[in-house]
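Labels run A, B, C and D following the written order; every chain starts at residue 1.
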Amino acid sequence: MATETASPGTIVEDIPRKPTMLGTLGAFCRGNPLGAFGGFIVIAMCVMAVFAPLLTSYDPTANDFGAMLSAPDWEHWLGTDQFGRDLLSRIIYGARTALLVGFVSSFAGCFLGLILGVSSAYFGGRFDLLFQRVMDVFMAFPLIILALAVVAIFGTGVVNVIIAITIPVIPRAARIVRASALAIREMPYVDAARANGFSHTRIIFRHMMPNVMAPFLIILTAQVGQAILIEASLSYLGLGVQEPVPAWGLMLRGGAQEYAESAPWVAIFPGLAITLAVFGFNLFGDSLRDWLDPKMKT
Amino acid sequence: DAQTPKRGGVLKFVVPDEPPSFDGHRETTFALIHPIAPFYSVLIRPNPQDPDNPAKFECDVCTEMPSPADGGKTFTFKIRKDIKFHDGSPLTSADVLATFQRIIFPKEGISSARQAQLSMVESVTAPDADTVVFKLKHPSGAFIPALAAPFHFIYSKAKLDADPRWYEQNIMGSGPFVFDVREAGARITGKRYDGYHHKGQPYLDGFEAIFAKTQTLRVQAIRGDQAAAEFRGLPPKSRDDLVAALGKDITVQESDWNCLLITSPNHERKPFDDARVRRALTLAVDRWGGAEALSKIAIVKTVGGIVFPNHPLAATKEELQQMAGYWPDIKKSRAEARRLLKEAGQENLKFTLANRAVDQPYTIVGTWLIDQWKQIGVEVTQKAEATGPFYAQLRSGNFDVALDFNCQSVVNPLSDTSKFLGVAAGDQYGRYKSQKLEDLHAKMNQIADVGEQRKIMRQFEKIVLDEEAHNSISLWWYRIIPHRSYMKGWKISSSHYINNQLDVVWIDK
Amino acid sequence: MLRYVIKRLLLMIPTLFGAAVLIFLLMRTIPGDICYLRLAAGGGSVVQDVLDNCRRELGLDQPMWMQFWTFIKGLITFDFGKSMWTNRPIIDEIALRFQLSLQVAIMATLTAVLIAIPLGTIAAVKQNTWIDYFVRTFTIAGIAMPSFWLGILIILTILVTSKAWFGVPWMPPIRYVPIWQDPWYNLSMLIWPALATGYRYSAVATRMTRSALLEVLREDYVRTARAKGLYEKLVINRHALRNALLPVVTVVGIEFAFLMGGLVVTEQVFNLNGLGKLFVESVLNHDYAMTQFLVMMVVAIFAFTNFVVDICYAWLDPRIRYTR
Amino acid sequence: MQTTAEGAAKPLSGEVLSSHAAAKTGKPVLEIENLSVQFRSSHGLVRAVENVGYTVHPGEMVAIVGESGSGKSVSALTIMRLLAQTAEITSGTVVFDGRDLLKLSDEEMRRVRGHHVSMIFQEPMTSLNPVLKIGLQIMEPLFIHLKMSPEEAKARAIELLTLVGITDPESRLEQYPHQLSGGMRQRVMIAIGLACNPKLLIADEPTTALDVTIQAQILELMKDLSRRLGIAVIIITHNLGIVARYADRVNVMYAARIVESGTAEEVFGNARHPYARGLLSAVPRLDRGRAMRLQTIEGAPPNLLKPPEGCRFRPRCRFAIDKCTINPPLVEFEPGHCAACHRSAELESIDKPVAASHETIGAVANGGSGPILQLKDVTKFFPISGGFFQAKKLVRAVNNVTLDIAPGETLGLVGESGCGKSTLGRVVLRLDDPTDGKILFEGADLANAGADQMLAVRKKMQVIFQDPFSSLNPRMTVGEIIAEPMRVHQILPKEKIHDRVAELLSLVGLHGYMADRYPHQLSGGQRQRVGIARALSVNPKFIVCDEAVSALDVSIQGQVINLLEGLQQKLGLSYLFIAHDLAVVRHISHKVAVMYLGKIVEYAPADELFANPKHPYTQALLAAAPIPDPVIERSRPRRIITGELPSPLRPPPGCVFNPRCPLAVENCRKEIPALRELGPKHWVACSEV
């Protein structure tokens, strides 16, 4: 019977099953305590953003001149700012802005970069060459100037800040994605797809894109953190989201400058919020990188 | 100060911005005055020891303040004979003439920023070497204050003849200090001019104007003694911090400031074409309560009308409280505001406030206003932008409501209030036209009697702020100058443009 | 080799041209007007004639293509023209700022490298121990802190501790003096931003060192080196680190280029009169000539740094150096 | 089993040391006893090596063979104590020269490594440090262990390079690894290993990554050195041919244990463990034709995370009995020949070759119509942007190839790595466009076919790639992978696709339920079957098999070859079968073309070619390929070809083979020989035969 070519009965069934979600999660946490910590921060932040109204009873924009710059106490856990607004509630609502800007801009930017990068690698040749030149231009272009110009053109406000942050993300994402897509393009399964006469779109979307997810996820998470930081910097330069919208960078603009010493909580807490969030995303992305990189596995 | 001034020392001070050129006739920014004014003399100026007194202009290069002749239409200035430019050439009436010709009647290719303020001048002549005569088209109370503007540096005719634009890139005046170096973006320094015509002055060996964009940094520079002062004005909290940190080493001078923020609804855009809506917006604002709170966090303080608060032409508190938006009872005001909105069918009004992206005091006041409007159910978002795009927006009329501002040097209400005239004046962005206002303004400008002027001014103010609510005024600015106590002889004024020649300033270390 | 250099230099041209087109269009899409901005600084009124006059002087009344041509011609002939805002030659305007930016960039890069390589190495060697975790946390914290916040904290700390220790608050100088004129003064000003920036920038380089080294440590030749019975120190330093540093060089090079043009926020915080500040000012002032020049300069520096990095790479890596 | 090496082997030179004499008399250099190693992983403990023990004597070459993952490398690395940090040695001793290596301190161990024991690894391309000069890398151990001065070290390095047969050693010292060819690099590795005159050399798959001709050169060298210098060698490989040709003793490992050990002749001639027997019979033989099906071992190796109870081979064993649930000990049933099987004594009698294994393969179902595929002067040049600093160059990957394939026929294409086989395959599939020439598929030229025409052709022409791991999209389930072409090309109505997938799966010997799995959940052989099923999904007439079995373990390779042959019989498919393993090609092909540096040098019916190779290169290739039978091997003449493969960037002028050709004459350097028909359908491109 050993000679029968295809006798299903003899195939040993002891082969790896797809690991469960929970199992994967557990493995990730065990292998990357730092990454798990980062992930925890990220999740906490999302929870904060979603359930903001439940977590605080203060209106983040309501002025209260009776309680200007009051230090942290039982009433205002993190104190108030110069308008007497509750800092905790502004930080909690600020998570919304941060996540909105962070997620939307990095998702939009990374996805556009993904499509461009993969297409460029797939088509290669002249298209790739031209594309690379364009990417070079954008890469070399000072990021903050690009953002500055976009905000100057479209004006301030959340949407425009998102646009401003998204544009520089595209070439960065595209470049990284392209690098791995070039390797994927040489994979036999892409050749097999081509040999099957599948359309370019199908090969790009169905066969290549899902396989550059690892680098994609990594820059995605890193970019979320980066976007939050850029948003803060833009606010600091007076170009970002505007008062009275609760946003972390903006809180540092008015606050950190004048009250950093006499009312340090105004500067400390939003700064910590940004740092912690960016820290969380980076830590998570970093560990994801280690985890997804087959070479890193011991 | 009873003390006798000491000589010596270099005064370091910080300036928030760098001037684009050195030409005072052409530029309008205080950033030019702070580092450049010490190099030049002017014809007349506010008294450095009492800069806010409207009656106390004093001569710089002239011998004495002239009395008006010809029914207030002719002013004859005698020029001092002992004045030399820094290059050694004598300063004569020809130089003064050339200077004011350039300012009032600029030749093709020359930019003059304050031509309009001196539009009442018909001619300037110099009959002899030490006489300059100004002839006006009509008598005007605005003339002398306009003439005393700190930008009217006296240039050398010889230099102007050789190159009318020479002064844009070069400095050569007859002021207390001689130009030393300019480091692009970093600093401008001057050395004492020994041949200065006010004898014994200046007291300083020199000065160093350091450009520093960030406000916190300027405060800290004073604290760390990298600079003795900043002459624009710092927020109250910074003052308190400096006082707390430095105690007697810091001296604070404060004054009302001839600057105001103006809420300008765009009359060409619905629903702001409706006076009821505009009135509702001004009624919602609690100026009396806000003044107290904002003065702790922003460089604004005094509640006022369209005239600089301490000026004789300004409204008194009682007069103010008659006007919409200034009523003592804010509840009543807001109730009225809601009623008006309802009447106009704008209960759910939402709009965008166009503002300058400058913290002090623009965005802070903007943020406060937004909260005030929220109290009558109006939802406002702020769009704060860099000055360039901000102006572009105002000029194109592509905005709902703007937070415009008016900042003048020498207090001169007759001229300053032209800001509230119709579109013709060019810098009134509310886009309304009112013949009535124009007539009132013209009338007010052509009579000499202060009592009459005041009456017309009240009518004018009532129309602008209350009846039509073309504009509304938030709070007047408040200038706080904390400086190192060793800097002496400098007196605060109502404008960051004036009193910055530094000839009377000295250091006591 | 020469061929390659020429080819690479020629390849910069399309990049530069692309950047030229981009910045030219970008600047002109930003609403606002340099003349108005200047004439209305105090909120006063502006006469149309004066405005037109100013525009004419700056050549802003000319058709777009003409303005573009003037710009490109200037670039080709190395005649960079005058700043529209100050009307002074651009070269004079930037000389001092360039010096400052260059010095900060060099100091920050050095700081970054001095932090990154030892930390990255130790983290890789001690992978998944608390040392590794500490290094990663430390470096990631660097990029996570907003630079302006870090800057403010640094200045405040200096002020407060100096007051506590010496009785008078001390503040780093706010005015740049070239290092050869007064090294002490110069360093006491620039060391802070350089440290802050270097720390921030070290994050990427540390991570790169760590991951490159981790990869290299799994390479066969490292195993070979161990199999030869070499001392562990030799294995790491001679065999592993040399290979791992190649990608780090690239990253550091690119970061250096970014530093030359992108220190906008840090410069504001420490009042550095550098290119970043000039950049922001000229964009906000609508100083087309200056902005265009600066962008072209930064792009050129970027392209050139890349080129130098490649050359270094080739020089460091014999595989590239001698390819056939 | 007393057939000694002296009798059969033809020593190349130097002093001859009888390995068996030493084995009998001398003390072993290395004695491993009861060694167990485990790895901690996120999924649990992997017992990679269990109770392994063997001895090695001076001058002896001991081979360790076994399926991939059976613990060969781990057991070797344990000797060097170079295991990953996650490894734990749970028991055992490794006594080398009287000392237990496992008990030495790190520092003492370091002094042993490279000095007394050295190791050579599989990948010559990556085993040398790319940024250090060869000289330094050879001299390092000399400095460290022997404390030589630079001059002494240099002299020794030159001596070593000469010893391993590298010409011009002095200037080589200044070169970097990338400037050497793969074979030379491996020689340098050997030189490093020999630097301090070690007593034991461990070679972990030292030639797997090399071309067959180069592989033979390296192994000859090692064998020779071992004899001359009395060095004990442990060689790890899964190439049984190599074992047969070079090894004195063989240890067969299966699932972390040694299941059989003995002299090469014993194990090959008289294997006592069913796994060893299966392994041997699954190898296609160069000396046997296409007549028979291969015997295979069904199933996949066990998962070491939870190995089966008792005998680990039990689930795959044809002879398993109840007793096999008890772990069989390794019993020495003849002196020096041990096996771990309860039934090893009776194995000889019960393992009668099954009838099926003699089942012949049916005749070619040639419908008599014209060839399905004809290549005429097909040429493919790649312009590459030179090196880093250089101008563009042309890689002449395929140069004027003319071939044809009839329906139902298999054309084998052999040649060393980089000779252009894959490129030819890709050009046929139009994955790359040919530079020149005609590709006639069913009479229509594809070289210039438009998109529509190609689409039609693509349904008749499919491909199976070498690497089962990378030729399936890891993000799609098996079902999706197989169904996709049918769905996209609307070959079947939607509702029928599901059934067709199941049908295809069973056709290639997989279960229907596997359609829901992802590729990583399948074993290598199963994955390759999925690849075949995908190729079959559009009912092709012609399949390009580009090294379709090269990456598979011998036992699985046998399964796949049998499957391909079966399908050909059933469906009348034609194959272009690309491989470098001559035995495999011999087994499966009707016709064979031999390629060298982009050119076809010989082209003939398979049996004719193997029986009567004409071209000197073909002859060399056949000579270099070892046959897994020590008896035959030792009687075979060795004609090891010398020289390195030239670069396709700069092919030599004239006949591309001339620099390595024993027959080369002056004319060969000038004229490019054309293909001549020397016998019936036997074409050769050589002017000297």
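Quick note on the criterion: a contact is a pair of C-beta atoms (placed from the backbone, for glycine too) under 8 Å apart; a residue touches a chain by one contact, two chains touch by 3 or more.
On a predicted model such as this, the values are computed, not experimentally measured, just so you know.
Peer 1: Write down the chain pair with more C-beta contact pairs when B-C is set against C-D.
Peer 2: So, comparing the two chain pairs, more contacts are at B-C.
Peer 1: Using the average of all C-alpha atoms in each chain as its centre, how far is it in Å between subunit B and subunit C?
Peer 2: Here the centre of subunit C sits 39 Å away from the centre of subunit B.
Peer 1: What is the distance, in whole Å, between the centres of subunit C and subunit D, each centre taken as the mean of its C-alpha atoms?
Peer 2: Each chain's C-alpha centroid was found; their separation is 51 Å.
Peer 1: Would you mind pulling out the distance in Å between where the CA atoms of subunit A average out and where those of subunit B do?
Peer 2: So the centre of subunit A lies 47 Å away from the centre of subunit B.
Peer 1: What whole-number Å value describes the gap between the mean CA coordinates of subunit A and subunit C?
Peer 2: About 23 Å separates the centre of subunit A from that of subunit C.
Peer 1: Please set out, as single numbers or ranges, the residues of subunit A touching at least two other chains.
Peer 2: 152, 256-257, 260-261
Peer 1: Where in subunit C do residues touch two or more of the other chains?
Peer 2: Touching at least two other chains: 30-32, 152, 268, 284.
Peer 1: Give the residues of subunit D touching no fewer than two other chains, as numbers and ranges.
Peer 2: Within subunit D, no residue contacts more than one other chain.
Peer 1: By the touch definition up top, name every chain pair that qualifies.
Peer 2: A-B, A-C, A-D, B-C, C-D
Peer 1: Quick one: which bits of subunit B touch subunit C in the complex? Just the residue numbers, please.
Peer 2: Subunit B residues touching subunit C: 14, 20-21, 27-30, 108-116, 168-169, 183-187, 208, 210-214, 216-217, 220-221, 223-227, 245-246, 386-393, 395-396, 404-409, 418-419, 425-427, 497.
Peer 1: Give every residue of subunit A touching subunit C within the complex, in rising order.
Peer 2: Those residues of subunit A that touch subunit C are 33-34, 133-134, 136-137, 139-146, 148-149, 152-153, 225, 229, 232-233, 236-237, 249, 252, 256-257, 260-261, 267, 271, 274-279, 282-283, 286, 289-290, 293, 295-296.
Peer 1: Using the touch definition up top, name the residues of subunit B that touch subunit A in the complex.
Peer 2: By the definition above, subunit B touches subunit A via 214-216, 219, 235, 237-238, 240-241, 244, 289, 292-293, 296-297, 355, 357-359, 363-364, 366-368, 370-371, 374, 381-386, 388-389.
Peer 1: Residue numbers of subunit D touching subunit A in their complex, please.
Peer 2: Listed in rising order, the residues are 42, 84-86, 278, 293-300, 302-303, 306, 315-316, 318, 354, 356-357, 359, 426, 429, 431, 454-455, 458-459, 461-463, 465-467, 470-476, 484-485, 488-489, 506-511, 517-518, 520-523, 526, 529, 531, 534, 538, 559, 562-563, 566.
Peer 1: Applying the document's contact rule, which stretches of subunit A touch subunit B when the two form their complex?
Peer 2: Going through subunit A, the ones touching subunit B are 61-63, 65, 68, 82-83, 152, 155-157, 238-239, 242-245, 253-254, 256-262.
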